[in-house]
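There are two complexes below, and they share chain A, which is joined by chain B in the first and by chain C in the second.
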Partner chain A sequence: MELRIENLTKQYGTNLAVNNLSANLSCGVYGLLGANGAGKTTLMRLLCDIQRPTSGSVCYDGQNIREIGEHYRNILGYLPQNFGYYPDFTAYRFLMYMSAIKGLSKGYAKQRSLELLDEVGLLKVKDKKIKTFSGGMKQRLGIAQAMLNNPKVLILDEPTAGLDPKERVRFRNLISTFSRNKIVLLSTHIVSDVEYIAGEILVMKKGQLIHRGKPHEIIHSIDGKVWECTVPANSVSLLSEQYNIGNLRSEGEQTVLRIISDDKPLDTAVPVTPNLEDLYLYYFSEEEQ
Partner chain B sequence: MWELIKFEIHKLLHKPLVWASLLGLLFFAGLMIYNWVAPGYSSVQEDIDGYKVVQEGHDAVLRNQEIVKQYQGALTTDKVQDILETYSFSQAMMESENMEPERQRHYTHNCLYDTFSPFANLNGSYNGKSIRDVYGEIAPDLIIGYSVGWEKMLYALAYSFLVWGCVLVIILSPVFSEEYTKGTDALILTGSQGQKKCPGAKIIASYAISLDGSVIFICIFFLSLLAYHGPEGFEASVQLGELGFFTDTPYVLTWGEAFGFACLLWLGATIVLTAMALLISALAKNSFSALVIVFVLFVVPLFIRWTDFPAVLRLIGSLLPINQMQLQGLFSFDRLALGSGEVNLMWLVVPISVIALSISALLSKKSFANHQVV
Partner chain C sequence: MKRSKKNDDEQLKTLLQQNIPPKPDSQKRQMLIRKLSADAADMDYLEPESFSEKILTTGSYFSPWTWLAFAVSLGLFLCGVKSENLAQAYSYLLCLAPGLTLILLSELSKTFGHNMWEMEAVCRYNLPRLFLMRLTLISGIDFGVMAFCFVTFHRAGGLFWEFALYALLPFFLLSALCLLLMRHLGNRCNRMGLLAVIIFAEAVWVPFTDAFWRFQHRFGNDVTEKVVLCATVLALLFYLGSAVALCTKKYYGNTGKGKIIWN
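Right, the complex of A and B next:
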């Protein structure tokens, strides 16, 4: 099972949202990291065939997904960034509707819907209208609908947005259990989600893949670029303007700074082991500003 | 597929705005039946031995039917004269009731007197016109009968259909566009049935609602006709109606045939309106713009003076859904000579509906399936 992305480009006017991107995805969980506007959502839409590329192609097991059409959508599950729903539908009715859209038989749809509602912790509120749900509950419902047809290719755009830490742990466990022999691609700003469950991380910037590898491999790429130092509290604002500060911890009159920099920022700075968040800040600090 | 259709019907109908519109429609229809079809406002006034005798409501209906029975059958100038003479008011009665004798024609008499008022002077005396003078070449073939119920039912239903059309616009314009607005397009289009069966289900659901609704609507009014007036008069000519709703029809047509053609026009208009709503809904960016565009396309032709245009354009105007629902336009066109016979132009509604349905179904399905999620 393989999803092959070949020279994929999507242009909106003069803006290249996805710029000649190529990648091969086989079974496993892939984390897609990138700042806002990096092209993650556009890439996911292209992989789901709900946007037409300007050039390039996406192939599943050697066949262009535009040509296999319904067969590809049969094995696809998708959670968009802004999850749309029908406010007056109950959670259960919504899953039954999505099951009908995915071509599932009524009997199987009932069983699968109840199963997934239980997995995402919404079984007790299955007969309540979606408009009464909190943001986290809606997101969990979105995850459930993406998994209805037990997809071989699961694409999740910001799936943990709005989830509290307990719900995020539940989600990570769900994906880890689910992802055996599947291709799972998820994008997120919450790097810890990706760090724990992704077998491979793809770093996207300005429509291009700038890095790809296992978490520990790509983290090593910024070895020697993450520093810690202790400074007086009153110098923090000045240093924040000069350097990329990853973390700030007050200890009385002093503040411990975690700085991401190619060069040693201060004489007292010592190199520390980088993490994925440091990597994100290293590549995307300008975009975030 | 059946499950999808049920879901789509649910999505279209289960909205507060739709319920409010349907309630408004029921209220309007009830008002039209009460004011026009129900005999409540019916009145027969007669001069009996110099006294004004008034019968209202159901009594008026029965008295009208009694009077009509005496003159039922072919229309003749003698019958018309007899009706005007027999049922006019005497000078003495009018003076004692403070009525104006010189304006007798404006007072209510009975359904036949009022129908044949074109033959009366203002003071109620016969004006000397023959039936050919008023109704032309078709005059000898016209049949007198109890037209009141049929005419009022068709009149009330024609105007109620305008309101039903507006309600249909509200129900149907979100069928595709709502998915774009709510963001559910991304979920639907990534489902295996999302690009073919789902749009098909939406189309079927839309026509199921619009056509079933129209049939139910027609049945309600038809049953009210049967309840209040009975089926009498279905064989009478439409030109001889009290309201003059179809006086301009240039060929002999009975009320029964008119009702049949009216149903054809109403259902045809429903199909074209549904087709229009589906196509605009699939092409529009959001629900609001779909609603506005469909509403404008539906309502604006009502305000155009089609009578100022040449016959071909007038025919096209009459075939637009809102004008078709009103009936009068298409009923005023003469039949088309075809070979040895004649064809009623109203049958054009059939191919137009089929073409509209086919094109709209194809294009809206394609448009939705190829929609680029943004």
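Right, the complex of A and C next:
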């Protein structure tokens, strides 16, 4: 089982949302990391065959997904960034509806919907209308609908955005549970999500894949570029203008700064072990400003 | 900022894995399709359904308001015809067309209105097929309602060309116009916008019907009947064409002109 992305490009007017991107995905969880506007959503839509690429192709087991159409959709699960729902539907009815348009038999759909509602912790509220659900409950329902057809390719676009930490942890665990023997692509700009569950991380910037690797490998690429130093509180603003500050912590009159920089920022600065958040800041600090 | 980028992008681009695109192989493609079909056959949850079954399943997920709206449309019309005042029946007929168009569009556009299009697009029965199923069912009911209304209207003394002028023509034209708008606008389609189009078009149609009466006084019933019938057939073809256009559209971004349809 393999999803091959070949020189994929998507252009909107003069803007290249995805720029000649190539990658090969086999079974496993992939975290797609990138700032807002990096092209993550466009890439995911292209992988789902919702949008047509300007050039390049996406192949499942060597065949263009556009050509195998329905066969590909049978093994595809997708949770879009903006999870929509019919507000008058209950959670159970919503899953039954999604099952119907996924072409699942009624008997299987009933059983699978109840199973999934149980797994995502919504069984008790299955007869309540979705419009009464919290953000976390809606997202859990979203992943349940993506899992209805037991997909081989699962694509989740920023599934943890807007969730509180408890819900995020819960959601991460759910994804890990569901990810066995699947190609799971998870996009986010919340780095801790991918750090925990992704076997491999793809870093996307300006429509291109600029880095790919296991979390620890990718983090190693910025070894020696993360520093910590203690400075007087009144010099923080000056340093903030000069350097990329990852974190600052007040300790009385002093402030402990975490600085991301190629060069040693101050004589007193000591190198520290980088984490994924530092990596994100290293690549995307300018875009986020 | 002191941090130098040192041609980050160029350096990191070299880390990209270069993949050699496979050559298209129709035999391999057929083999994969056979394999996926065999896999699907093993998955007892993927059920082959006839088109009528699919339509009925789609109908079972219609909003209860849709069925209520059909019932109200019929009820109002029956009340209007019962008065045995044909002039009043014309007014009810004029309301019937936009009412039925509104029901049709409400069911079709809910996909966009509730932001369901992305999820529905990646399902086995994707957006064009879903639209086809909804459109077939609602159009079928609409034609049933129209047929029932015509029989009632005819019994009350109304003529077919009158019915076509007040109900069929505006229904086909309005629906076709709105379907084309939906096709063109995609998820930018706004229900209130469509409602405004319907109201505006109906407001234009009312004086147009008066013009037809003047035409009838001048040329007589036969000629008027022929003209209205021809116009109705053309409007029906326009409606069917719009329906086909909506159901066959590939719901992708229009890359050719650089327009963003779905983003």
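In the analysis below, the second predicted complex is superposed on the first by the 289 of 289 C-alpha atoms of A that agree within 3 Å, B and C clash if a C-alpha of one lies under 4 Å from a C-alpha of the other, contacts with A are read in each partner's own complex, and residues count from 1 in each chain.
Keep in mind that, in the parts below, a contact is a pair of C-beta atoms (placed from the backbone, for glycine too) under 8 Å apart; a residue touches a chain by one contact, two chains touch by 3 or more.
Model, not experiment: these values are computed from the prediction.
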With chain A superposed, do chain B and chain C clash or fit?
clash
The answer to whether chain B or chain C touches more of chain A is C
First (chain B), second (chain C), both or neither touched by A:78:
both
Classify the contacts of A:51 with the two partner chains as first (chain B alone), second (chain C alone), both, or neither.
both
With the two complexes superposed on chain A, say which partner A:262 touches: chain B (first), chain C (second), both, or neither.
second
When the two structures are overlaid on chain A, which partner does A:63 contact: first (chain B), second (chain C), both, or neither?
second
Have a look at where A:210 lands relative to chain B and chain C in the superposition and call it first, second, both or neither.
second
Please work out whether A:6 is in contact with chain B alone, chain C alone, both, or neither, and reply first, second, both or neither.
second
Looking only at the overlay on chain A, choose which of 59-67, 167-175 or 239-247 in chain B hits chain C.
167-175
Can you pull the chain A residues that chain B and chain C both touch?
45, 48-52, 70, 73-74, 76, 78, 80, 82-86, 88, 97-98, 100-103, 106, 145, 149
Where on chain A does chain C make contact in their complex?
4-7, 10-14, 22-24, 42, 45, 48-54, 57, 59-64, 67-68, 70-76, 78-80, 82-88, 93, 97-98, 100-106, 108-109, 112, 145, 149-150, 205-206, 208-212, 242-244, 260-263, 265, 283
Contacts from chain B onto chain A in the complex sit at residues 3-4, 7, 11, 14-15, 179, 182-198, 371-373
Complex contact set, residues of chain C against chain A
1-4, 6, 8-9, 12-13, 15-19, 21-22, 24-25, 28-29, 32-33, 36-37, 39-40, 43-47, 49, 57-58, 61, 63, 110, 114-126, 130, 250-253, 255, 258, 260, 262-263
List of chain A residues in touch with chain B within their complex:
45, 48-52, 69-70, 73-74, 76-78, 80, 82-86, 88, 96-98, 100-103, 106, 145, 149
